[in-house]
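The next part holds the structures, each set out as structure tokens.
Okay, so chain A shows up in both of these, paired with chain B first and chain C after.
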Partner chain A sequence: MTKTCLFLINKMPESELILTETLDALLTFSAFDLKVSVLLLDDGVYLLRASAGHATDEHGLSRFMATLDFYGIEPVWAERESLESRGFAPPDATRRPRLLDRRELPAWLRQYAMVLGL
Partner chain B sequence: MSVLHVVSRPNRLRDCLARAMAGDSVLLIQEGVLADFDSVNLESIPAMTVHALSEHIPPVEGKSGPWRKRIERIDFSGFVRLTERHQTTIFWG
Partner chain C sequence: MKYAIQVNKAPFDSMGSMTAWRFIKAARDSGHEILRVFFYHAGVENAFASPSGFEQDLPDWSSLALNEGVELVYCMTAAERRGKSSDAQLGGFKAGGLGLWVDACLRADRVIVFG
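Presenting the complex of A and B:
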């Protein structure tokens, strides 16, 4: 049975190096046939804004979502309340990220064999 | 399955508690030991254990209140045991 792994990003990366290492870990897990998902919480949702070109790209943030796209890593989840409290419009249902309500999140996390963070 | 929430900054306590559930544990480390539990709505917090790394607790604590009594001081060995007891660890820093 394939192991499931969730990368939980609940803050903005403090440097490009951290972002690069997170991407490296994501791609490595993915290469070894682990089922990888990404969850953006709190300030982690700003990775979406950077990817959409709405913010300055101080640490190469736009590369993050572009790399996930390029390697077909999905699903990418985002917490609805984190997006709303930061002024993000609800994403189109057919596009990333998938939305998760905060009240569902504690139990939802428990489906993953591993949860890793920045 | 239970989660160990490691809080290293005071302002992340609320973020952590909003995503915790009964059976989880919270461990305060670094500046997280200064988190203000007294400002948190106690009824909104699920049943869970709260710990603080004794190495990081300042000699004089300014805060007191019902939550302070619930916090168990642990050392680094206790930290390791907590990670063994829980299937997953999430950092809030």
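Presenting the complex of A and C:
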């Protein structure tokens, strides 16, 4: 039976290097026939859009999301409240994630055998 | 219970590394098994000597490996990206790849990431 693995990203990677390594980990888990999903929470939702003044540039961010697309790592989930409290709604995002409400999260997380953070 | 542990922070810029080390000691004292400790991101710094001035109160990973048989693997690629060579690694550490981390996760009852 395929194990399920969730990468929970709740902050912006501190650098391009961390972003690249996060992608490496995602792709490696996928290569082992694990069902991999991504959840963007808190400041992790900035991965959907470049944040001015952050060490991670826009090119790196779009490459990150494009690579997830290319290798079929989906779905990408985002917490609705994290998006709204940071002033951007899903239609503004370069890639529209599936949305979860905060109150749904605890029960939703239980479906995953593994939840890995940065 | 079998644990796979990931450490993502350098020992000299966060308490995450020390917290991981203490957790491992406590878990083993309670009869749990540590399948593997994997050092990723800046956590690979744990496998190398810290800059001078930071020697105090650092986790003694080498002792954990050499005296207690805990397997310590650091990501070779992450280390190379930070200018580290395996020639300079501390005793008890092994260089490896993400595949070893996935392998530990698949065999573990619990996976814990210390960031």
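We take it that the second predicted complex is superposed on the first by the 103 of 118 C-alpha atoms of A that agree within 3 Å, B and C clash if a C-alpha of one lies under 4 Å from a C-alpha of the other, contacts with A are read in each partner's own complex, and residues count from 1 in each chain.
Keep this in mind: a residue touches a chain if its C-beta (ideal position, glycine included) is under 8 Å from a C-beta of that chain, and two chains touch if they have at least 3 such contacts.
None of these values were measured; they are calculated from a predicted model.
Shared-chain residue A:Lys3: touches chain C; no touch with chain B.
Of the two partner chains placed by superposition, only chain C is touched by A:Thr28; chain B is not. In the superposed model, A:Asp42 lies in contact with chain B only, and not with chain C.
When both complexes are overlaid on chain A, the residue A:Ile18 reaches chain C alone and has no touch with chain B. Shared-chain residue A:Gly117: touches chain B and chain C both. Contacts of A:Pro75 after superposition on the shared chain: neither chain B nor chain C is touched. Once the two complexes are overlaid on the shared chain, A:Leu105 sits against chain B while remaining clear of chain C.
Common to the chain B and chain C contact sets on chain A are residues 114, 117-118. Listing the residues of chain B that touch chain A in their complex gives 1, 3, 15, 18-21, 24, 88-93.
Against chain B, the residues of chain A that register as touching in their complex are 8, 10-11, 41-42, 102, 105-107, 109-110, 112, 114-115, 117-118. Note for the complex: chain C touches chain A at residues 6, 8, 40-41, 75, 77-78, 81, 97-99, 101-102, 105-106, 111, 113, 115.
Across the complex, chain C is touched by residues 3, 5, 17-18, 21, 24-25, 28-29, 32, 34, 114, 116-118 of chain A.
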